[in-house]
Amino acid sequence: MMDTILLLALNGLIWGLIIALIALGLSIIFGLLDIINVAHGDFFMVGTVLTWYVLQETGLFWPAFILVPVIGFVLGALIQRSIIQPIRNAAALSIVATFGLSLILQELVRMIFGATPRRILPPIQGTIPIFGIEYEIYRILAAALSVAALIAFFLFLQYTKIGTWMRAVRHDRETAIAMGIPAQRIFILTFGIGFALAAFGGVVAAPITTVDFRGGVDLLPFCFMAVIIGGLGNLPGTAAAAILLALLEGVIQSFADPTVARISSLVLMSAVLMLRPQGLFRGLAK
Amino acid sequence: MSAILRTENLTKKFGGLIAVDNFTLSLESGRLHAIIGPNGAGKTTFFNLVSGILPLTSGKVFFGGREITGLKPHEISRLGIKRTLQIKSVFPQMTVAENLWVTRQASQGFLHPFRAATRDTQTRERVDQTLEQIGMTALADRTAGTLSYGDVALLEIGMALISEPKLLLLDEPTCGMSPAETERAVAKIKELARSIDIIIIEHDMEVVFGIASDIIVMTQGAILARGTPQEISNDERVREAYLGRPEDEDYVEEAAHA
Amino acid sequence: MIRTFVERFLLVAFAAFLVSVPWVVPVIANKFWVSVIAEILIWSIFAASVNLLFGYVGLLSFGQALFFGFGMYGVGIGIDQLHLSFWSAFAFGVSAAMAMALITGIFAVRLTWHYFAIITIVFSLIFYFLAVRLKPLTGGDDGINFSLPPVFSFGATRYSLTDQTFQYFFILAIFAICFYLMYLVTRSPLGRAFLAIRENDLRASLIGLNVYVLRLIAFVMAGFLAGVSGALFAFFGRYASATYMFYHVSGDGVVWAIVGGAGTLFGPVVGTTLFIFIRELVSTHWEHHSLIVGVMAILVVMLAPKGLVGLWREGLSRIGEQKTSSELNAKARLRSQP
């Protein structure tokens, strides 16, 4: 029994790290562009599908870690420029546009990739003993890569010029524009980075989930939960919430079925929305 | 003369910032009161507290002897305190007549869900009457969002009129108006003041000294001076408070609105 | 002027067409399209519930499928497990949807803007997962099939929905009642108060409107419409399933309402008709009709944010008064700057 809890908790933790990557993109897009991106789960899904194609074409898994986020970035930038930018004046309707985008992405993948879910084998096989259980090596690698990407993202925000600009635009758009920050380019970059992060999450997750055109649908509510519970605009809070939520669901899953686990986190999320719309962690991190 | 509006130790803090500081004030009925003061003095915050838009930190508000502390905006509005906002705001996609109509109807308790609004002849007559009063009969069917700035301000006054307020709070009613529009608005406010108690926040000193009979000067959330226009214009502290202050945006109060 | 005239004419023509459907459509097309039109009528009521909230009160709900699902399951469970009669099952479904709208609305309408959209998704997801989980009661994703109560009486005469033509007229009658009610509401004092809240909620509260209670009323009314459509759909398909509570169904409703034209009475009918027609026409040849839905949703938001009905009205007023076109453009420019 302890073993099962530990295993599911570890699995939950790793999913939490992956979801943190996706949720951070969702959060910066919301924070900077004031857009609820209902298609964000599908960005992740596109990442898993692209990974499958990379593996198919090159026979190698590793290039996907570079190629897929880059393709994701370009796609994100293109989408921002062609769809999101023109509707910036109809902010209330942006959710309709991203819903349309979500349908398009899913349907395109279904058309090209097919409707049958496929599996990808982890590039490293085998298990190692950890805390007394045999655990897959790839999952540990997945955790490490996710953590590395999270750190890289925060360093990027903190220490690069573009990162500083992004924070400035999120903080106060008008002033930032008045100070000469090229907001339009920042918006494109933000969307690109959001897509790239989700796509990277897709690469990491591809061998531990199935590659399916509906793969993003289940994930999306979870990402929203992380963003809301962590606090809109609070990026470290979002990452922390993603990890905690997934860990919690993992633990709950060890004695109840996954649906119950999902319902509990949704209820938690509604409570947070009602009682602390600024998120659980306000004050802990800026 | 009885007090139409009275506050006791009214205080509002935003985090560490004290926007309205221990404000005790009694405004008697029958005079036109003006609140002036440099930007960030807490004038609009004071209005927001009285009209229930912002919750107050401590203190009490009385309206005609009745305590209204902590009531919701619509409850305060129904008691007869109406206000305008600093940034002119009407219902932009409704027509002028509909703006007046809905304002009139809002003060009545029951909103009929199925009977056609146009069949309410009483309200209709009142709307026509008000349109005439503010001289906008010709514009009755214009969408409010397409009106000129001066006309929007006039419509706001019409909306205040039609709801038959006991107390009217006007937040910079002439802000952004042309001289001709200002003149028209001032005349209207003077006329209104004969039948309604009015408290006005105004930046334009000429306007204030032309219409108010009681002036309250605020700085940093507290009362600096109070008196007739003559007393105020001779007050040394007031002059000091106004010198060297740049006329830029009201950051604190703007933030409080958002 | 032109607009009122043309639209009145179209409305009469539309009504005449709807009444003649069971006889005309099998002749010009085939019988299958009668049931497609019946389905359009049902989903139009659903889109109208999104429209009531978004178009008239300014709240974008992405959770109307929840109330659709309650209407649907109210009928399904009412007939299958509680052995209710036709009308009782109908009433049971609609009341369940309205009760649910009241309960969730108490919480949801405290929020606005994006937060409202998110909380409505969350609430509907909670109940979607519950429905999936409570398989013995709901049948989960597979749903429950039930047979109609064989006969229902309307006064002394007895009818059955198994009669295609009668079923169509039953749905048409409910459709007409719903839209007539909605028409009354939009012209009423209550409807104008809704509009005031949509336009400027702070100002609305300052003129004495209880914004919270009015939003809640609208939310329950929208729950009624969604519940009616769900109940009808259950009768229509003799079927209830958790899949109809998923947020994609809500999203469809939002797209139909907005593409058709939010804030207009018949906008949702136009949008629903368009999309279901495309689906039925295309899906037999090409299974990727969702692609069209997605592309159209984006195009409408980009090019005609007021929807097809909005576009049509703008066109009519252009013809009506050519001279004001420059003024209109100026207005549009003003409006597009927040």
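For reference, chains read A, B and C in written order, and residue numbers begin at 1 within each chain.
Criterion: contacts are C-beta pairs under 8 Å (C-beta built on N, C-alpha and C of every residue); 3 or more make two chains touch, one makes a residue touch a chain.
Given the structure is predicted, the values throughout are model-derived calculations rather than measurements.
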Set of chains adjacent to chain B and to chain C: none
Chain nearest the global centroid, as defined over all protein CA atoms shown: C
Remotest chain, chain C as reference, centres from CA atoms: B
Length of the line joining the C-alpha centres of chain B and chain C, rounded to whole Å: 41
Inter-centroid spacing, chain C versus chain A (mean Cα positions, whole Å): 32
Mean-CA-position distance for chain B and chain A (Å): 48
Chain C partner contacts - residues on chain A that touch it in the complex: 30, 36, 38, 83, 86-87, 89-97, 99-104, 106-108, 110-111, 217, 221, 224-225, 228, 257, 259-260, 262-263, 266-267, 269-270, 273-274, 277
Interface residues, chain C side, partner chain A - complex: 60, 62, 107, 110-111, 114-115, 117-119, 121-123, 125-126, 129-130, 132-133, 248, 251, 254-255, 258, 288, 290-291, 293-298, 300-302, 305, 336-338
Touching residues on chain C, where the partner in the complex is chain B: 181, 184-185, 187-193, 195-196, 199-200, 202-211, 214, 327, 331, 334-335
Of chain B, residues touching chain C in the complex: 51, 53, 72-74, 77-78, 82-83, 85, 89-94, 98, 101-103, 105-107, 111-118, 120, 145-146, 159, 163
